[in-house]
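Just below sit the structures, each encoded as structure tokens.
In what follows, subunit A forms one complex with subunit B and a second complex with subunit C.
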Partner chain A sequence: MSEIIKNLLDYLQFPFVQYALIAGTLIALCSSLLGVTLVLKRYSLIGDGLSHVAFCAMACALPLHMTNDMPLTLLLTIACAVLLLRSGRNTRFTGDAAVAMISVASLALGYLIINLCASSANVSADVCSTLFGSTSILTLTPVKVWLCVALSVVVVTFFVLFYHKIFAVVFDEEFARATGVRVEMYNLLLAIVIAVVIVLAMNLVGSLLISALVVFPALSALRVYKSFLSVTICSVVVSVLGTLLGIIISILSGTPVGVTIVAVDLAVFILFCIIGACKGK
Partner chain B sequence: MKTLQYILFLSLIALLLASCGGAPQKSTTANDTNTPAAEVDMTTMSKTMVYSEINFMRSNPERYMGKTIRVEGIMEYNPLLHRRYCVIADATACCSVQLEFVLKGDHSHPFLNALDSQNMQLPGANEITPQPDPQNGSKIVIQGYFQTFQEREKQSVILTDALYCH
Partner chain C sequence: MPLLECIDLAPGYGANAVCPPLSFSVEPGDYLCVLGENGSGKSTLMRTILGLQKPVAGEVRLGDGFLPNQIGYLPQQTAIQKDFPASVMEVVLSGCQGKHFFQPFYTKAQKEMAQKQLQRLDALGLSRKCYRELSGGQQQRVLLARALCATEKLLLLDEPVSGLDPQATQAMYDRIRDLNRQQGLAIIMISHDIPSALRDATRILRLGNHPFLGDVEEARKTFLTEAPKGGEEA
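Moving on, here comes the complex of A and B:
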């Protein structure tokens, strides 16, 4: 046990481990804040769809030889997020069908572009790393960490400032509209923030596992708590602690970071199911 | 029936947690060789940490310049270019990084002529015959001095005066 603690203390001296813990905490915080909103709006899979869009955008940046693919990725992901949230009101195109269509189409298109316009010999590794986020969080540069800090501040500020409006829009759009809340504008802002979080979270768990980061903490909290505020706070705590534990287990035992975080989130969800059952929910 | 479900859930969690513990530490070969201890010994680190530190080395070479590095990986020798690499895979084994090395006593590297590594070499290094190479694809542990060199306007990293540690 003392050996493990000694190893951990040694590893914590590395700058890239410190960057990973800072970025991981911020991403977990943001994704769990939005996770509650998305789960309650029945848009749990939107994270999955948008992460595939982000993957496609990153693939598009390859043949363009862009040194920083973040602006293009953000732009395309925001556009699709707005499209997806608007399609929820379209009766010909229901929300889940639109998410499914955009999700698979982006994934296929992204992989096709990478294969056709491969600029490096290590294509399969790039794809694998983007999809599963094996160690990308441990290879962050200080610039990316600062970008992560800035975007996280934006997300948290948005959530704190518009908490009551988000609450109204999530639970009953029609009632919110009747009481004068500009539902369309808040849905648009929500879509932008969701896209930002998805692009950030791709660094942590890869695009195939983002849904887990968004959905698990919220679902765990919903097993035990009832009010919107308590569920949100519990979701944030669960997400941040789960992510930190996942990163630490991963660097100590040599397992891939993304899947380890998701495994921890799954274990916490099962634990909360038991606690919820014991409380008689 | 509910009690049985709880017991099953708890057993599942116990299994999950048990699988997380017990970090598989790689055995170091430092003690069973006559090579001096390395300043940065990556043979005792987890796969995730080794892969991440190699990436960090490549982006921040100034932090490691001149230090002795010991690392475990897979042997890759290119006979046409006469260049040797230690290939280090990440935890998912889908990504890998190559760390080039030049054996002690080998002066055939095409880009190392301009490199002033005299102060890095051990006494009598020039007279030493390089160690025989292990087969391509076999597991190796190497130790050498961290250096950088220019290759077609690109900075690359390399371990010079390297030794195979058995």
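Moving on, here comes the complex of A and C:
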């Protein structure tokens, strides 16, 4: 045991491990805050869809020889998020069909573009790392960490300041609109924030596993807690602890970061299911 | 001075009106019951009055100093609410959100107001409960308390008793009548229940195949003569 702790303390000396832990905590915090809203709004899969859009955007940046693909990725993802959350009211496309469509289409297009303009010899490894989250969380530059910090501050501030509005809009959109809450604006802001969080979180777990980060903490919290505030707080705590534990395990045992975090989240979810079942009796 | 005036109002979608133009007004203390078969445009009319959709023609005019965000509304329950994790207080307080653009925290006065609304409906005991674990009647009472947080003058109710058992239905009707008679709240209610509408309401608006607009006495006479044919396809 002491061997492991000593090993861990050694690792913590390295700046790249510190960066990974900071960024991981912040991303977990943001994604779980939004996760509760998304799960309750019946948009659990939007994270998945948007991350594929982000994947497609990164692929598009390839032939354009952009050195920094972040702005393009953010822009495209935000556009799609706005489109998807708006179409909730459009009767022709129901929410899940639109998400499914955009999700698969952008995944296919992205892979196609990468294949057509492959610059490196090892295309499938590149793709694999974007999809499953590579070691990129362990190769963060200080600039990216600061970007992460700044965006997280924005997301958390938005959530704290508009917490009650978000509750009103999610719980009963019609009532909120009828009594004068500017529902459209909050939905738009939510869409933008979601897109930002997704683009951030792709660094951590990759685009295929992002839904886990958004959905699992919220679902775990929903098993046990019964008010919006307690569910939100619990899901943040679960998410942050789960992510930290996941990163540490993956560093110590050399497993891929993304999948380890998701495995921890899954274990926590099962644990909460059992607690919920016992409490319910 | 009417609270609300509908002038040649034709509710509908796009260019298609769902019912012929309506002109009526709601005075303080009125209890207007909107009847009509399914698809006759009751809910569309209510949504138009609330400003949730644009009318095809005509307009809704509010009385002096009466703002759209001072109308209370009890919508039909949605599927999302059935398993929503929320405490009763969280739900009731959310009725205050429309009043202020920016409100990160509730004030003490607002919390007291929410308690008072629950007390008004004999539901103070529920305030610490979880919303999704309440019975249908209790949930409706909580949503009514939320609507009362938003208004002091006019309450719009969209089939408030749907899904309730007979006892809870009667209790709900009694509460609504109390709010109207004792506390002077004007009410517009969509209903399918003609007998209770004729008993409690002061005015009746019927849409659909047999349009009618008038006082409740007039409605009793009119409805009586056509009753055998079942003018209202319930």
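We take it that the second predicted complex is superposed on the first by the 280 of 281 C-alpha atoms of A that agree within 3 Å, B and C clash if a C-alpha of one lies under 4 Å from a C-alpha of the other, contacts with A are read in each partner's own complex, and residues count from 1 in each chain.
In this text, a residue touches a chain if its C-beta (ideal position, glycine included) is under 8 Å from a C-beta of that chain, and two chains touch if they have at least 3 such contacts.
All values derive from a computational prediction rather than experimental measurement.
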Contacts of A:164 with subunit B and subunit C, given as first, second, both or neither: second
First (subunit B), second (subunit C), both or neither touched by A:11: first
Contacts of A:176 with subunit B and subunit C, given as first, second, both or neither: second
Which superposed partner A:226 touches (first subunit B, second subunit C, both, neither): second
Subunit B versus subunit C as contact partner of A:139, first or second or both or neither: first
Which superposed partner A:270 touches (first subunit B, second subunit C, both, neither): first
Which superposed partner A:255 touches (first subunit B, second subunit C, both, neither): first
Residue contacts with subunit A in the superposition, subunit B compared against subunit C: B
Subunit B and subunit C contact sites that coincide on subunit A, given as residue numbers: none
Residue ranges of subunit A in contact with subunit B within the complex: 3-4, 7, 11, 14-17, 122, 124-125, 128-129, 132, 134-135, 138-139, 141, 249-257, 260, 263-264, 266-267, 270-271, 273-274, 277-278
List of subunit B residues in touch with subunit A within their complex: 2, 5-6, 9-10, 12-13, 16-17, 20-25, 45-49, 51-53, 55-56, 59, 90-92, 94-96
Subunit C to subunit A touching residues, read off their complex: 50-52, 67-69, 71-73, 75, 78, 80-81, 84-87, 90-91, 93-95, 97-99, 101-106, 130, 132-133, 146-147, 150, 156
Subunit A to subunit C touching residues, read off their complex: 40-42, 160-165, 167-168, 170-172, 174-182, 222, 225-231
